[in-house]
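What follows is chain A paired twice: with chain B in the first complex and chain C in the second.
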Partner chain A sequence: MRFDLKNDALRKLNQYLHENPEKQVAVRNPAGRHNIAVGIDADIDVDIHGHVGYYCAGMNQNSRVTIHGNAGPAVAENIMSGCVRVHGNASQYAGASGHGGTLIIDGDASSRCGISMKGIDIVVAGSVGHMSAFMAQKGHMVICGDAGDFLGDSIYEAIIYVRGKLGELGADCVEKELTPIHREKLASLLMLAGLDHSVEGFRRFGSARDLYHFDIDHAGKY
Partner chain B sequence: MCGIVGIYHKNSDLNRSLGSNLASMLIELSDRGPDSAGVAIYRDSVAESQIKLSLHSSANIDWHGLGNALSAHLDGPVSVEIKASHALLVAPKTEGSVKQWLADYDKNIRTMSAGTSIEIFKEKGLPREFVEQFELTNLSGTHALGHTRMATESAVTTEHSHPFSTGMDLCLVHNGSLSNHNRLRRQLADDGIDFQTDNDSEVAAGYLMWRLREGDTLQTALEQAIEDLDGFYTLAIGTHDGFAVLRDPIACKPAVIAETDDWVAMASEFRAIAHLPGVEHATIWEPEPATVYSWGG
Partner chain C sequence: MARQRSKQYKDTHMPDVISQRPSATFPLDVLDEIHRAADQGIYEIRGLGAKRKLPTFDDLLFLGASMSRYPLEGYREKCATNVTLGNRFAKTPIELDIPITIAGMSFGALGAHAKESIGRAATLMGTSTTTGDGGMTEEERQSSKTLVYQVLPSRYGLNPDDLRRADAIEVVVGQGAKPGGGGMLLGQKITERVAEMRDLPTGIDQRSACRHPDWTGPDDLEIKIQELREITDWQIPIYVKVGASRVGFDVALAVKAGADVIVVDGMQGGTAATQDVFIEHVGVPTLPAVRLAVEALQELKMHRKVHLIVSGGIRSGADAAKALALGADAVSIGSAAMIAIGCNRNAYIEDYKALGTLPGYCHHCHTGRCPVGVATQDPHLESRLVPEQGAQWLRNYLSTMVLEMQTVARACGKSHVLNLEPEDLTALTIEAAAMARIPLVGTNWIPGNNQT
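After this line comes the complex of A and B, so read on.
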């Protein structure tokens, strides 16, 4: 099934995707529009040819959405399962609050990537901006390029892997040992994204768990 | 939330399409700012001995009568072009203050801009209505800024709409909110910068004017603005022959820049740029926080 958003209404596309869609759906001329392919719950492939605006593929379940272009703010926000791939760059809040599934960004991600992630796996082939993985609770973030300042600020139990340079780490985010279990998970995520980096080039970061509960001895860190 | 746009031509063959491109960008960002819309267009530079003024009045004004009176006062020709609630005047440049003469002539008159090439038009209402009212699609020029406003901190009036200009050919559009604007306004007013409203964005424009007056280049003025402006902002700035973009260090207000061999465009969202001719060949990026981007002048 093909949609051309130059002529087809966006609501028509999203309604189609919510009601027993065909296995393959192609979307042309997205022209930076918001809310393209949100709320899908079906085992289908959606290919979007061009740049998208806010919230593309938000709340996704089971489907594989590929954006052949750049993504605006909050791509794959609150994703539950399935896979969203951005062939270009992604703007702020990519994968925000994602509960599950995978987000792969072939370019760079902007600030606040993976903010409050709750189980999503995010692989960024390029770099991420400041405040990425802020309050990240669960899931994995693989950063093949550099990480901006305050990575993992107030992080809970998400795991971050970084290959490039680091800015200033966020509060309560510390480097941890890359154990065999972590190497295995990292290798599987790199393979999933089609990236052939050696796991040896990565460092692991996670929570120091000093800020879970208020403690007067840690008041200066909040 | 507000929408801001800017377009700067590197290739003068495109100048005739400036108004129509600007109009489509503004209309695309209507839902970011349905309260009011405004533009600053740089075009038709006047001679060095002249000054171009954009005037507005919410009351009925006999603009041609005003032109004749100003002509007599300055002892030289004054041309008048009426555009909806605004009038464009080209008058001989004078040592004295034309602005003060205008205020004395009728207290309802507001000087929206003064310079050699800048023209500012702004009005309450939806961008589409604004575009039609001011026949924006017919205007040509070298570069332009635009704004669609969703008011958050001061009244919805024509005066509170963007762009704001506080100095010759300088103007600014702002998406965000400044938290130290009252203190800055007082300091700048003490230094002789003239403000027309209590709007926070006008303070940012006044601040840049002050820095430029003190000898800064636009680049260094904007670098210092990162230190002195407190709050959230994506700014687009226009000068006689230049165009600049700046985001605050937190950078939560969106911005996209696209550049081709022929033009540079910025907007709050890509959808405003998506329909510009040649966009398929553009380099597109999100400006970094606390980094000055500038072209021309």
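After this line comes the complex of A and C, so read on.
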């Protein structure tokens, strides 16, 4: 099934995707429109040929959405399952509060990538901006390039892997040992994204858990 | 006499009168707080809402009908209470039998029995209840005929399945107890079930964000609302809830962003756990907030098109009727609903004392040790609130509120509570007259109104 957003209304596309869609859906001329392919709950493949605006593939369940272009803010926000792939760069809040599924960004991601992530796995082939993985609760973030300042600020139990240079770490985010279990998970995520980096070049970061309970001695960290 | 006292003091160094002159600057409660802060080195965190004296609806009175207009016969002539909310864009607006809804309170802050009690009562009364931070529980969905699903900054438990099975969505920008602040749930209330719903470790002090993770500002919010509409196929209304602060701007921006319904929560609104300094010193009371919100809607010619729900310290049918008379389409109750199902009830005195308080004074929702089983996850304490009993209490309370609203509405000659209007009110104090833009009783003076 093909949609051309030059002529077809966004509402028509999303309604179709919510009602027993065909296995393959192609979308042309997205022209940066917001809210493309949001709320899908179907085992389908959606290919979007061009750049998209806010919230593309938001709250995705089960489907595989591929964006052949750049993505605006909050691509795959609150994704539950399935996979969203951006062949270009992604703007801020990529994968925000994602509960599951996978987000792969072939280019760079802007600030607050993976903010409040709750189980999503995010692989960024390039670099991420400041405050990425802010309040990250669960899931994994793989950063093959550099990470901006305040990575993992107020992080809970999410795990971050970084290959490139680091800015200042966020509050309560510390480097941890890259154990065999973590190497295995990292390798599987790199393979899923089609990236051939060696796991040896990565460092692991997670929570020091010092902010898990209010403590006057840690007040300066907030 | 003075000489005698002075002599006695010199003789014994013991005064015969113990001075008990209090300081207006440092009264006992201020002294206690300074001592507590000196001991603990951290701000006080507590539940419920503002305890300070604030301008309230008590400062307004209704002008019953007499010669210039006639009243309706009590019990005989109809005074309707139904209300439709959210028909600006939604295909399926909310239809309620009464204009009193139940405000968002999280599972986590409240126990499952409390949520079930509230859901049952709301259903029996033909009104809506609202989820809270932490997502939607099965008990809540099953017990609530009309359920409003909150989308909060934390996004705890947020999922599209629950969005689609909700009857309306409420995007929470802020709440009256802490406009500009995020949520807080202390570790003792993060049980395994609560932790699982929120994707957090058990037992940790949980801090919710004060801003949404994927939008900032009204232009973004407009796109976010469109996303929620697209996901739900434009079926259900979208509410936007703001804590009362810059009410006029916030309401106008919520209209611009595409809200079907705007909820304005005054600073008397409650919370499960927040810094006391936030509760007592940030925000705007509900009384002026209603007027500011209505004026903003009227200025945009959207009054009664974008519906207004007012909350924050609504306690009675009189409060609700006054809010409607000022232009609200409905009110929402949170703390009052908790009180109806047992909060601060005079029972289990020893458990109150163990918290360092007594019935009537308790604000220890944050501890998870609620003696009456409302704001707790402890199975033993929660067993003290039987959902059927809680539902009956809240139903009775809501019924009383409705009867009170109808009583004053009929007295003002109104066949529907939504027909109440500012002209039916008079203000008891200059402050209330200025804040509500209602003439001071016995005059036609509205302070701040340049035309009088």
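Operating definition for what follows: the second predicted complex is superposed on the first by the 222 of 222 C-alpha atoms of A that agree within 3 Å, B and C clash if a C-alpha of one lies under 4 Å from a C-alpha of the other, contacts with A are read in each partner's own complex, and residues count from 1 in each chain.
What we mean here is this: contacts are C-beta pairs under 8 Å (C-beta built on N, C-alpha and C of every residue); 3 or more make two chains touch, one makes a residue touch a chain.
Every value quoted in this text rests on a predicted model; they were computed, and no experiment measured them.
With both structures placed on the common chain, the touch criterion links A:M59 to chain C but leaves chain B unconnected.
Of the two partner chains placed by the overlay, only chain B lies in contact with A:H51; chain C stays clear of it.
Look at A:E184: by the touch rule set out above, it reaches neither chain B nor chain C. In the superposition on chain A, A:F214 contacts chain C only, with no contact to chain B. Of the two partner chains, chain C is the only one touched by A:S116; chain B is not.
Of the two partner chains, neither chain B nor chain C is touched by A:E168. More residues of chain A lie in touch with C than with the remaining chain of the pair chain B and chain C. Once chain A of one complex is fitted onto chain A of the other, the partner contacts of A:S91 are limited to chain B, with no touch recorded for chain C. In the superposed pair of complexes, A:A31 makes contact with chain B only, with no contact to chain C. In the superposition on chain A, A:S154 makes contact with chain C only, not with chain B. Overlap of the chain B and chain C contact sets on chain A: residues 34, 53-54, 73. Contact residues of chain A toward chain B in the complex are 31-34, 51, 53-54, 70, 72-73, 89, 91-92, 110-111, 129-130. On chain C, the positions that touch chain A within their shared complex are 40-42, 45, 154-155, 158-161, 163-164, 186-187, 198-201, 204-205, 207, 209, 213-215, 220, 223-224, 226-227, 230-234. Residue ranges of chain A in contact with chain C, taken from their complex: 10-11, 14-15, 18, 34-35, 38-39, 41, 53-55, 58-59, 61, 73-74, 77-78, 80, 93, 96-97, 99, 112, 115-116, 118-119, 134-135, 137-138, 154, 156-157, 212-214, 216, 219. Taken together, the chain B residues at the contact with chain A in this complex read 251-252, 254, 269-275, 284-286, 289.
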